[in-house]
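Across the two complexes that follow, chain A remains constant while its partner is chain B and subsequently chain C.
Here is the complex of A and B:
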């Protein structure tokens, strides 16, 4: 028995020693709480691969100004307590310069801890409006327009296309779904749009018949969806088309993915999505970085000829972090949270080589810029239909 | 080898620790708990605090489900009530944790008593559905009572204050959470030795017989709901101080299922069960993560490819317990104790 226990202890110790990875001095560490499992695993897995591929691509091309990237992550399946534990573990061991959070709840919960860390900054999958409060969230930022800004961009497009148009908003009854609604009502009024209906549904609800009848009575020119990925948007669109309504449908980032084209059905044709990134599949190349990303993806994942925009999100997030570090090093400044934060705030009209669909400018912890893309079901892709829309 | 425990009075027979060995081991455990935050990494300290909170809530649920036999799927929502109460009191009146914690517990106990009213007419699965419905109603309140809960945006909380000291780290909070967990467990253990505890067990074993024997079902069922909810409220308040932010999504139905699973895996109706169950349910997912990390050099990208398997393995472990040791981890622990008590004469 004793021999067995001793053997087991030796084996475990050897295993731990073999697999423990030392950190090279010039390495820059990025941390991530990944969303590979759980309810958002379908998006989180792609996002994670986007980050990993960008880091591998950068390392293969010499790293960031000669510094190799080390990426450490843990999957937490959208559970705040697990994410906090992962953050503490990674923080204790690696002290990463940047960390990707996996939910709004986590990013809010970790804020006091984050501010107490030596030098860690955080971005992540959240576009929550209150993360743009730069006074409270001094170490967090959003890699794109906040939900309120996304709604504002959609409303601005509607106002440009059809001044005084009748608008309806359909959103889920969740933190995610309710986030931009108050701001959207104010913005609609400011733009002279006629907000005729606001409908709240359960997330993923499919019985939308009564809500569709309400919309039929109001006959809006545009319906803005927020707080969903696909369902019940497809149900709304299908039933409204069946009733002969000519309404245009719009949606925010998470519902403007390729899923809408693949599973939205014929009624999704013409669906308008707000996007600060370009899509993986475009009719013509928007830039050199976009070409490089596609080539790298095909090189390391030959079986994945196409990618949803969640992958683009991961790649872009890695790019922003690397850009902030590169610019800070170029300025001869040490890599501290204050310097990195200042660098990010100073990013103005950054050309990402076609990864972002807009010139990237940071304001109040976010990129309040976007563009409208239209779903073309026949071609199986989104096409840009607006110029850059910036929200002040 | 110890072959028997000789007791010569009823008080000795009812004592929590009946032998010197038990007292020594308890002393060692307390010393380990005291030394724990000084020797472990922040990550393990975080897990230690999380287990402490889970132990309080699981112990509370065990009073209701394990001792009184009233099934509940409302523990997560009760924790939410405690969390919102403490945060609201702390934010509005700048009250210390010493005040907000008991108030959170008391208000949650009141809510628990109201939710427990259907237990007088329904039991078993019907009661589970009734408590689940209460959980949904409370979630609705968390979302829509915006003047108090700030709706979906949630509430932030500053560092807890206790006797003028700011509890601004897990290290300091540990010394609040673990003593409270010990008090909670001791309280539950003592409860078993009282008329109330015996009445709970009588209600669980056969409520009609208990009533015939003079146990007031209305009083004891509601008391059990109240006590269990008090524990949940305190655990929720500590959770809020620990994470410093609460939203309606912090306490979904899954939290209630988590605690129900914890007491089943640990061993319902025992004092040790909820402690072991809470530790098991908190630690196993973390240990599975470490395992996938260790497999990384053997299986390329193991963390990604094996991530979905963690849930499956976790589920299999729970089913395994139900099949092979339905009395839970507490029973396994008792078997180990028995083994060493008779060792080396019987193995």
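Here is the complex of A and C:
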């Protein structure tokens, strides 16, 4: 009797293992080094929820061509050494097809190991210009315009609005802040703009009085901010408005969140941000996918009626990965890094149903397209004010 | 050379320096009395600013009530920290105590994230915004009024430590703990008192900084310059904290104005290195200081 029971138990266990491995074979694994804690936790937490919600939404709607998504992640709080260790662990255990990196530093540091993996491709929070070098970063891509392209889009908008305008650039002294400055100087000259001042601030700078003094002397038509997520853009705008300057303020993606600018009060009204995505709060629905995203968010997070642009980033990143896999499967090709890469490179004028604010076309590891959105402080939202601007 | 710009920048730098001096004073009071190097000073600044945000922004208390309440709350946090965390460490090695304050700073960051969330916050405006012009010289009213408040607090502290019984007890304990104890001074109470007063100064500076720079749980990083100030001025010197604060604030601003923000850290750490080579105990520090 005992032998029979033991035999039965072994048989059941074997069946269970077979069944579970069959399920695992059907799953597509995505990895992520999340930014839930740490200095950028307020943004990374939203971004992570955007990714998670998109995967759950997709799974609830049948997965990607019938394949369920398995999402594995570890929170590293913006620490490169932790991110590298998390990547190795997830890679060894799951071999994900796509992986989301949590910083430029990590995405650059992991590049040799990423290229050595069997089939993993990586995108993430970085818009670093270096990552657009497709010859070096063969397995990485950016899901938006690079920082240089973002600056170029802002400068193009300024040139369209006011030819020959006086421009000042204010950026932080960090890898992030310094990234597009050289390219922006060249672009400003090319567009016939008058670059009157470039100010570098210490990261986390508090007192901006002397920088405001410089700007007061130059009285620029536009000030472009880059390299800030929190301070000190609002302080710049407030002091310059207090001095009676009519300057227009502009910023790149991470400096154009509702979380910061909407708290800037009247002096932040009219702030212009470059965005390849739509915002979560828009006056009119830009498309069906956008409606579905909002409905799903309300269904699973009834307490979160509004989301910052970081959530949109996470959702969009999941969409890009799923689209690449779906198209590759539709073409009858195996899911290898080479095939997925080719699929991504071939994406042209993809209509994302209102998640992206522009038709999505990949060029040089990135999407060199964006629109300008204007902060309407009274309404508490950004509104589109330009057509699609493409950087060649 | 644009002399007008130099004067405007110098004024801005000295105003920033006055706030640096206030934080440095808080640091020095604690070190002078208890020999504890408080690495959680930035986070105490940050938490105190959140106290102000809560009182003035959420509870909508008037400024005359919210500001003192936040400063006192910061002081009470310091007193509680001393009583529950630092006092049990008495007699342990300085490294252990430093590690405790580093741990405390992480706990405060986490606590702020749990209570107020991780997102950026803007304090309710309580400083005048109208630009001040002294002839042709422009001074930001925010930074000028912040400096005035800091200077007023500094004067109150200096008078208190010079003339009050509590101040004398603190100075006596700082000079010789055993002799103070034998003369009937309650040394543990003085320790507690030093943490309360030190953290009150820190709290006010945290609110003033956050009024311009915004607030998030990681705002405590602003205190890095303060460590430079106190090492430069002398860890146990109140005069050093005041002079050091003004010099570092001025230098940082002038370098930023004329060479660019990327050279600020380079300049102040170069100055720090120089002063440590010439006067290893800081500008006005006592030679017997035990160094790490």
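Keep in mind that, in the parts below, the second predicted complex is superposed on the first by the 366 of 392 C-alpha atoms of A that agree within 3 Å, B and C clash if a C-alpha of one lies under 4 Å from a C-alpha of the other, contacts with A are read in each partner's own complex, and residues count from 1 in each chain.
Methods note: contacts are C-beta pairs under 8 Å (C-beta built on N, C-alpha and C of every residue); 3 or more make two chains touch, one makes a residue touch a chain.
Predicted, not measured: the structure shown is a model, and the values here were computed from it.
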Touched partner set for A:238, first chain B, second chain C, both or neither: second
Touched partner set for A:212, first chain B, second chain C, both or neither: second
Partner chain in contact with A:230 - chain B first, chain C second, else both or neither: second
Touched partner set for A:173, first chain B, second chain C, both or neither: both
Which superposed partner A:111 touches (first chain B, second chain C, both, neither): first
Which of chain B and chain C A:130 touches, first, second, both or neither: first
Which of chain B and chain C A:201 touches, first, second, both or neither: second
First, second, both or neither for A:80, with chain B first and chain C second: first
First (chain B), second (chain C), both or neither touched by A:45: both
Touching both chain C and chain B, counted on chain A across the two superposed complexes: 37, 41, 45, 173
Chain A contact footprint on chain B (complex, rising order): 41-43, 46-47, 50, 143, 151-154, 156, 159, 243-245, 247-250, 285-286, 289, 293-294, 296-297, 303-304, 307-308, 310-311
List of chain C residues in touch with chain A within their complex: 5, 8-9, 12-13, 15-16, 113, 117-122, 129-131, 138-143, 209, 212-214, 216, 218, 221-222, 253, 256-257, 260-262, 264-265
Chain A residues touching chain B - in the complex, by the definition given at the top: 15-16, 18-19, 34, 36-37, 41, 45, 48, 73-75, 77, 80-82, 84-86, 88-89, 91-92, 105, 108-109, 111-112, 130, 136, 173-179
In the complex with chain C, residue positions of chain A that touch it: 37-39, 41-42, 45, 172-173, 199-202, 204-214, 216-217, 230-232, 234-235, 238-239, 242-243, 259-260, 263-265
